[in-house]
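In the two assemblies presented below, chain A is common to both, partnered first by chain B and then by chain C.
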Partner chain A sequence: MFEACADPKSIEGLTWAMCYLTSGKHIEFYWSFVTVLLLLALTAPAALAMGFAGATAARSRFIPLSLLGKGYAAIVRGVPDIIFFLFFVIALDQGLEYLKSLAVCENHSWPWQGLEFRVCPEAKIPLGRSSAIWHQAYGFGLAVFTFALVFGAFAANVLYGAMNAVPRAQLETAEAYGMSHGQVFRRILVPQMWVYALPGLSNLWMILIKATPLLFLLGVRDIVYWARELGGMKTQAYEYPHPDWRLWYFLALLVFYLVFTKLSEIVLARISARLNHGQATAGGEALRKAAA
Partner chain B sequence: MTCWETVQAYAFRSIGFGENLLPRSDFTLCQQITLIGSGLIWNVYFGVLALGFGFFFAVAVALAKSSPRRLLRKPAEWFVFLFRGSPLFIQFFLAYEALQLLPKTGINLFGITVETAWTTRAWAGALFVLFLNTSAYAAEIFHGALKSIPKGDLEAAEAYGITGWHKFRRIQWPTMLRLGWPAYTNEAIFLFHATTLVFFSGFPAFRQMGDALYYAKYFADKTFNPFVAYPIVAVYFILLTLLLTWLFALVNRRLNRHLPSNIRSRIRLRPQLIR
Partner chain C sequence: MKNLLLATALIAVSGAAQAQDVVRLGTEGAYPPFNFINDAGEVAGFEREFGDELCKRAELTCEWVTNDWDSIIPNLQSGNYDAILAGMSITEERDAVIDFTQNYFPPAASAYAAMSADVDLTGVVSAQVSTIQAAYVAESGATVLEFATPDESVAAVRNGEAVAVFADQDYLAAIVAESNGELMFVGEPVQLGGGIGVGLRESDTELKEKFNAAIQTMKDDGSLNAMIEKHFGAEATKF
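== the complex of A and B ==
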């Protein structure tokens, strides 16, 4: 990156450290933090949307829809954490490839043959000849979808509870004013439910942050992958030889997560204070007393 | 090989008894159920010991965290924040790498050589991390419970002249346990779920002696079929969860025995994700 770094074996001290920390591999390591943040940025709204859909479905008066919403939350929440991640990604991958094979392959044999999963080469997602970046993107996409599905179930549960916590009298008042069901939902229920949903959603956000190292298990080159890769012992054959530094890399990851958690706590506390403003809840009452 | 022979060969494979080689081809359902069940021994080992030791440490940390003395309170707060604010996965990696740095030949303490090699093995290293982790989570639960002890109870105790250790032993301790127990039950369940992370996070499975998920992944990788092995683990864990809930409900009933039935605290399952 810098000219001084052309021959890393000849430099020492601070210059060496600067060159080492800006080597190509390290730049990729820094980008992997962006990957994690991107995962969070994509997953959080997607999970919230799925949760909202699930909660709305669960409240529906149409029984099959209501059962679908409740069933979604119950099934995903009931399966132990990591197993879902390991299992679901492979299942989804194979399912997609099977569906694609029905469309593009000539030979429609059942793909689960004995010990192997076989579809014709054209049905592979992404195709075997596509560049590595597509494989990475596909893996990342599967991860986002899995995260959104799992966290969506938890969010559905939180939002369902929050919708039920909105005082019944308010909804009845709105109906008495002649609002339709849709209007009551949009104007009264949804704006009011957030204050009840926030503690649960904050908790979920914290868990989501801590679930991001699972990307590593899903085969995405995330921060854990790079920490292991870069920290491992490098012999003289490498440009920047150094002993086993994995401890320091993992320490950096730990600090990253702790700082991120702390920042989230501060931001969520602010949002909570704002949402509680003027609400007829204990939190709102505390704010009113503090101001008076 | 009949199913009974498979059970004999692999039932204790995870702790090093029985057949040495894992099955390589012609996987039967019986093999998968036996080996994965054998791996469950490790999950139970980690869960029970971490929970058992963690309980006492958690109470100590919770008390320190509620202490008015800064010198006690701050370290406890930092400990809880450190372990609750970072992913368990990273904690495992970090602990493994840190333990690797201990001198391989052992530490010489006053002429006695203390072996260090065993600390990097999963049975000790991972157990230690799980112990600290569950202590932090449980400490937060007990801290919350300590804070929600009714003020009237404590004032009544003081009015009767019960103070200090007696107040803790007779009033705070039982009430704290009773109030915190439903949340602690959930913590216990998710600690057991978290034990599946051990062999995915740095700690190598020595001689292929791993936990339930380790063997499930072995089968799923070998057969390219996740639809058998992972559901088996899931079923085992659901059974384990039911057993735990039942055991904790017994304790809960005892803790609540003096209360009228309508104000007893009930255990509600609150599934939680990875930590």
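== the complex of A and C ==
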């Protein structure tokens, strides 16, 4: 990156540290923080949407839909995350490639042959000749979908509980005013349920932040992968040999996670105060008294 | 207009030809000097140089992919890449699930490294998970402590979790040499496995033939030996 860094083994002190911290590998490490933040930014709304759909389905009076919603939350919550991130993703990837092979391959033989999965090269997602960035993006997309599916199941359960926690009297009053089912749902139930859902959802958010190292199982190089790779002892085969520095790298990650969760707590506290405003809950009552 | 159509058709044809020829090479990227991620963030080491030369001789376009050691065989079978070049020794157990080319690295010694010369090698010995070394330690009667990466198996000796680490001597050599006397080889080196080969899907017989032929030319003209000497030093086992 800098001219002084051309021969890393002949420099020392501050220059060495500067060159070391700006090596190509470190730049990738810094970018992986962006990857993780992007994953969170995409997964959180997606999981919330899945959860909302699941909870709404579970409350439906149409039995099959209700069973689907309840089944989704029950099955996905019961399966260990690691199985989802190892088995499900490979199955999803192969399933997509199988569907694509039906459309683009001439030879439609069954792709699962013993231990191998075989489709024609045109059915690969992304294609073998695609640049590395597409392979990364595809892995990332699979990660977002899997995280959304898993966390959506937990969110569905939280939202289902929150919807049931809205006082029945509120809904009855709305009905007495002549609102239809849809109107009661949109105008009364959904706006009031968030205050009951927030503690559960904020827990999920915190767990999601800490679950991002599962990304590496999907082939996306995240911050924990890079910390381990960069911190490991380096021999003279590398340009910047150094002893085992994993402790320092993981300390840096610790600081990152603590700062991030602290910031999340501050934001969540503000949202909570806002949602409690004017509510017939203990939180709402406290706000009213403080203002008076 | 006719020219334009012709040009488009040519591009389409060359694109299709290219599709056949890109071979994705999977490696671990954590096993210097065999394969590692250099400071520029690229795959480097003996296998990088060997693999690039192999593809050149077999007239293939190759691309490098890194994958966790633990799932390197399932991902080959699933078709996420087409070949494994990751210091993987040819063993009967692996040959039952995937195929190997002829070896491109001769059967080499594995060795124990420890903090002092008088350690008990029947105690806790660390090794990388799913390696021939881990299997050997388990059979030797010692307690095997397995780690996901080779680097962690060495760190386990330094922090006292294990009395010794058992790994390829060529991997440990640089680590022992640069440890300022902290680490040393103990016991006798052990010959394990049938050398290192390129791992391939069993159905990929065409690729296997191409690679076998290319490896043979590299053995015949001595360029493979020169590469081994460059990365592993003059005393390394050669063909």
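One rule holds in what follows: the second predicted complex is superposed on the first by the 281 of 292 C-alpha atoms of A that agree within 3 Å, B and C clash if a C-alpha of one lies under 4 Å from a C-alpha of the other, contacts with A are read in each partner's own complex, and residues count from 1 in each chain.
The rule we apply is simple: a contact is a pair of C-beta atoms (placed from the backbone, for glycine too) under 8 Å apart; a residue touches a chain by one contact, two chains touch by 3 or more.
Given the structure is predicted, the values throughout are model-derived calculations rather than measurements.
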item: Fit-or-clash call for chain B and chain C when the two complexes are aligned on chain A; value: clash
item: Which of chain B and chain C A:Pro213 touches, first, second, both or neither; value: first
item: Chain B versus chain C as contact partner of A:Ile90, first or second or both or neither; value: both
item: First, second, both or neither for A:Arg129, with chain B first and chain C second; value: second
item: Partner chain(s) touched by A:Thr235 [first = chain B, second = chain C, both, neither]; value: second
item: Touching partner for A:Lys25 - first (chain B), second (chain C), both, neither; value: second
item: Touching partner for A:Val119 - first (chain B), second (chain C), both, neither; value: second
item: First (chain B), second (chain C), both or neither touched by A:Asp244; value: both
item: First (chain B), second (chain C), both or neither touched by A:Glu285; value: neither
item: Partner chain in contact with A:Glu172 - chain B first, chain C second, else both or neither; value: neither
item: Chain B region in steric overlap with chain C, selected from 113-121, 149-157, 167-175 or 185-193; value: 113-121
item: Chain B/chain C common contact set on chain A; value: 86, 90, 94, 115-117, 216-217, 228, 244, 246
item: Touching residues (chain side chain A, partner chain C) in the complex; value: 8, 23-25, 27-28, 86, 90, 93-94, 97, 113-119, 121-122, 124, 127-129, 132, 135, 216-217, 219, 228-229, 232-233, 235-241, 244, 246
item: Footprint of chain A on chain C - complex, ascending; value: 18-20, 22-24, 29-30, 32-33, 36-42, 45, 61, 63, 65, 67-68, 71, 74, 77-80, 82, 97, 149, 151-152, 154-155, 158, 174-175, 178, 201-203
item: Residues of chain A defined as touching chain B within the complex; value: 77-83, 85-87, 90-91, 94, 112, 115-117, 150-151, 154, 207, 209-214, 216-217, 224, 227-228, 231, 244, 246-247, 250-251, 253-254, 257-258, 261-262
item: Chain B to chain A touching residues, read off their complex; value: 25, 27, 81-82, 85-91, 93-94, 97-98, 100-101, 190, 193-194, 196-197, 200, 213, 216-217, 220, 222-227, 230-231, 233-234, 237-238, 271-275
